[in-house]
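Should a chain be cited, it is by its letter among A, B, C, D, E and F, assigned in written order, with residues numbered from 1 in that chain.
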Amino acid sequence: TSDKANDKDEIGIVRGLAWTSVGGETLQIEVNMMPGKGEIDLTGQMGDVMKESAITGMSYVRSVSKDYKIPQDTFKKNDFHIHIPEGAVPKDGPSAGITMATAILSAITNIPVKAQVAMTGEITLRGRVLPIGGLKEKILAAKTAGIKTVLVPKKNEKDVEEIAGEIKSGLSIHFVENMGEVLSYALVNADSHIGKGKKE
Amino acid sequence: TSDKANDKDEIGIVRGLAWTSVGGETLQIEVNMMPGKGEIDLTGQMGDVMKESAITGMSYVRSVSKDYKIPQDTFKKNDFHIHIPEGAVPKDGPSAGITMATAILSAITNIPVKAQVAMTGEITLRGRVLPIGGLKEKILAAKTAGIKTVLVPKKNEKDVEEIAGEIKSGLSIHFVENMGEVLSYALVNADSHIGKGKKE
Amino acid sequence: TSDKANDKDEIGIVRGLAWTSVGGETLQIEVNMMPGKGEIDLTGQMGDVMKESAITGMSYVRSVSKDYKIPQDTFKKNDFHIHIPEGAVPKDGPSAGITMATAILSAITNIPVKAQVAMTGEITLRGRVLPIGGLKEKILAAKTAGIKTVLVPKKNEKDVEEIAGEIKSGLSIHFVENMGEVLSYALVNADSHIGKGKKE
Amino acid sequence: TSDKANDKDEIGIVRGLAWTSVGGETLQIEVNMMPGKGEIDLTGQMGDVMKESAITGMSYVRSVSKDYKIPQDTFKKNDFHIHIPEGAVPKDGPSAGITMATAILSAITNIPVKAQVAMTGEITLRGRVLPIGGLKEKILAAKTAGIKTVLVPKKNEKDVEEIAGEIKSGLSIHFVENMGEVLSYALVNADSHIGKGKKE
Amino acid sequence: TSDKANDKDEIGIVRGLAWTSVGGETLQIEVNMMPGKGEIDLTGQMGDVMKESAITGMSYVRSVSKDYKIPQDTFKKNDFHIHIPEGAVPKDGPSAGITMATAILSAITNIPVKAQVAMTGEITLRGRVLPIGGLKEKILAAKTAGIKTVLVPKKNEKDVEEIAGEIKSGLSIHFVENMGEVLSYALVNADSHIGKGKKE
Amino acid sequence: TSDKANDKDEIGIVRGLAWTSVGGETLQIEVNMMPGKGEIDLTGQMGDVMKESAITGMSYVRSVSKDYKIPQDTFKKNDFHIHIPEGAVPKDGPSAGITMATAILSAITNIPVKAQVAMTGEITLRGRVLPIGGLKEKILAAKTAGIKTVLVPKKNEKDVEEIAGEIKSGLSIHFVENMGEVLSYALVNADSHIGKGKKE
């Protein structure tokens, strides 16, 4: 089904880019934080690699919680649910890593994510952004969905250069090396939440 | 077996619509809330996608608990059991999502659900309603069971238009985009429970 | 092996009726309640559907615990064991549902179950009784075992009418729609335990 | 390997009789009770039916704990380990049920079990003893191992009658219907531990 | 790889003897006890039988803890890790039972194990030592590794007699029937730790 | 993808060497310690042997915690996450053992690891370093990545001798027998953290 860009900036929802056998697609990653005891639910028919990606994204956020003034017991006193519609479609791969980490951080801090931003990239435990595949199809899907800004791993820079200019026209594409950069592009008023120019 | 519409509005029981190899069928989703420690039992031979749908519906209800004045420790101090008869028939798919969420909310708040309403639609963590399949067969089954009102995802509007008028005659079909709309149609005296006109 | 009806009314033991490839059979469902922490053991080589049936029966009993003056912490401070001999024979299906629920309630309340009663029927979370298969073989087995009273789902009424009169002669067959009716037939002095005429 | 009867009465060790593809065999069921938190370890390559049998035997003992003056928190404050050597040989079936229950009760109460007694029989949750197979081979194995007394399910009486007299000569064979009888034959000074003539 | 005998007596490390498709081998079983909550980790690609053997050895040690003045809460307040290098080689069978039990007891009591001793034998819950296979290959491996003393199950005595004298020359082979004997041969200054001559 | 040596010494990140079907590769093992309750997450599509290696490395660090002044409740009051990018590539084998143990210790003690060091070797529970395979390819990969110092198991010394001199030129290769040696080469200012010359 066609998913248009959100109308307004939302909390805990981030637009990712997927690459399937029938082309690129955008998907919205949803995160809820609820009073609980530290349990994590992962739904939407995620495969093993994607589930590990979610856990890695969660640990990354825990590791930078001080920078975002997240209270230390947040992860002990809440449950987290990460869901990717459409629930019957199997999904896998590491490329939603930075999207999930961004959605988690947004859900915890209540900082909204810009509606016009989409992103793709593997995350490491320390917040490095690793390259992914299917860039051409993903960027096409982003454009079709009315996205304005796309975040792409720095190590995919060459792949982007090879994409025809007409496909990229109208899109603002940023290359990112770490989650600090991802968040400064994706969060609304990012600079006010964490020291200007701070990089991890 | 043939399941007729309930005679009276009940708490924690909601009529869903299923689509099987032998046609459409109505099914009653039952939810019990019992003093406990936050465990969830899912029975009725649900497949993985349907189980994730139930968990997603539960998280949605947790995320709107303040709107319905549900005490914060409700999900910690109770166990929940979601059951779909007939227990020997395997069931799967995401289309019971909004039905399960409605039944859960009814069981928790003690607000009865209208007996003459049936519904179908995938739920997302944030309460958006996604489109589903088998609409024609489901609507036929609803009519046969004596249902008066059917809730259908907004994104299935075109599918409904293609169904012959005689099948739809006598049914009041409403298109829903989010759980707020679902609940305002399904709950008895919905407006008195949550601010009139409130949409999420 | 041939299982004759019990000589005397017992607590926590109820006679069920099974339908196997070699015909009908009676089986005794045994339930023990022991001081513990809310764990449930299900033994006797039960299949998945039968295990779900046991869990559903347990939840039903929890949902009506007030009606039977069962203290609220009963399910937290005790362990429950449901066993069906013969332990090496695989068993499955939902038709022991009402039998297990009756045995559980008897074990908790110490109300004995009438020795001459056997029963068959799927249970729903709300205590409705759904139809089952193999009625003819089951009724034959009940008669052979010296049973006097058989409880059968109301929705199986037509199936019973088709069984030859000589098979049914000497048996008192009652059709039941909900667990309230099951218990009023099966429990010793049922009327003294719960308000006369009360239906759920 | 050949296992001779114990030289002296022991606590928590009971002689069972197994029937394998190569004939009958005796085996010693060992039970340790250790300060803990209610966990049960089952080792010796037991199959599912045998594990369920062990759990059923444990629940039976819990259900009669008052009769044997076993403190109520015994099962919460101890761990139990049931082991059947030889650890590399897969074992299964319900026929060690009464043997395991006897060993558990002995381990808990410190009442020794008579070294010259061997037994075979399925146990139910309420302590009934159900018939088993392979009697001829088992009785032969008992005799070979120097056993003096064999306990056999009452419902196997006909099977024992068909065994040649020379096999049975020198053995005292008792038929048992319930665990009360098993324990009165197997425990040292059984009568002093529980009221004489008490039957369950 | 070739594993030579330890240079000095160590705590929590015991030399076992394995029998593989390519001949006999010595292996060092390592046990760590760490402040924790009673969890047991078993690593080194152990098969199911070997894992059960480790659990059985642990229970044996718990059952004799008073004899070795091990405080009662030791098993509740510590975690235990049993590891067998080389981590990529699958291992199975019950014959490391007495080796693991010895290593566990050494780790708990801080009593060192003699470096020149190797052993093989199945352990039962009560500390009996059962016979094992592959004796000739194991004894050869022990000799090659520079071992001086080998502990062998009493029930394997005949197997040892059949081994050529030149293989056994230079080795001190002891036959053991129970863990008490194993420990008196393997522990440094065993007699000072537990009453001289004490047998279990 | 090509992974260059880190620019600066980091905490909780250590460079390992892997050997795959397409040659050698360097990989960075990342460890996060977070306030928690003692749970361990292992991500990056690790196989069973590699997961056991991680658990073994963790236990080793627990066993030497006093030497590094690690508070005793560290392992109870924190969660640990060990991740190996790239998350979609399956990884297995024991050869990352010493790398993981080093990363764990660094994450706990906040002692940085030298950026120019890479290592390979199986770890045992007691910190012995066992030999591994694929040395030639691994050393080639280290050189390509700009590594200056490589730690190799002492028992692989002969394998290294057979590698052509031009491959090894420019690399400082150290042979290690135990984790004490590994840490003294890898940790920044190792000598100041633990007594000079101390060997385990």
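Criterion: a contact is a pair of C-beta atoms (placed from the backbone, for glycine too) under 8 Å apart; a residue touches a chain by one contact, two chains touch by 3 or more.
Note that the structure is a prediction, hence the values are computed from the model and not measured.
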{"item": "Subunit F and subunit E - chains in contact with each", "value": "none"}
{"item": "Neighbouring chains shared between subunit D and subunit F, ordered by label", "value": "E"}
{"item": "Copies subunit E and subunit D - interface residue numbers shared by over half, same or different", "value": "different"}
{"item": "Farthest-lying chain, centroid of Cα atoms versus that of subunit F", "value": "C"}
{"item": "Subunit A and subunit F, separation of their C-alpha mean positions in angstrom", "value": "30"}
{"item": "Centre distance in Å when subunit B and subunit D are each reduced to the mean of their C-alpha atoms", "value": "52"}
{"item": "Subunit B residues counted as touching two or more neighbouring chains", "value": "none"}
{"item": "Contact graph of the chains (line, ring, star, complete, other)", "value": "ring"}
{"item": "Going round from subunit B, first to subunit C: chain order", "value": "B, C, D, E, F, A"}
{"item": "Subunit A to subunit F touching residues, read off their complex", "value": "38, 48-49, 52-53, 55-56, 59-60, 62-63, 72-73, 75-76, 93-94, 97, 122, 124-126, 128, 130-131, 155"}
{"item": "Residue ranges of subunit E touching subunit F (in the complex, touch as defined)", "value": "1, 12-13, 28, 30-32, 34-37, 41, 43-45, 81, 83, 85-88"}
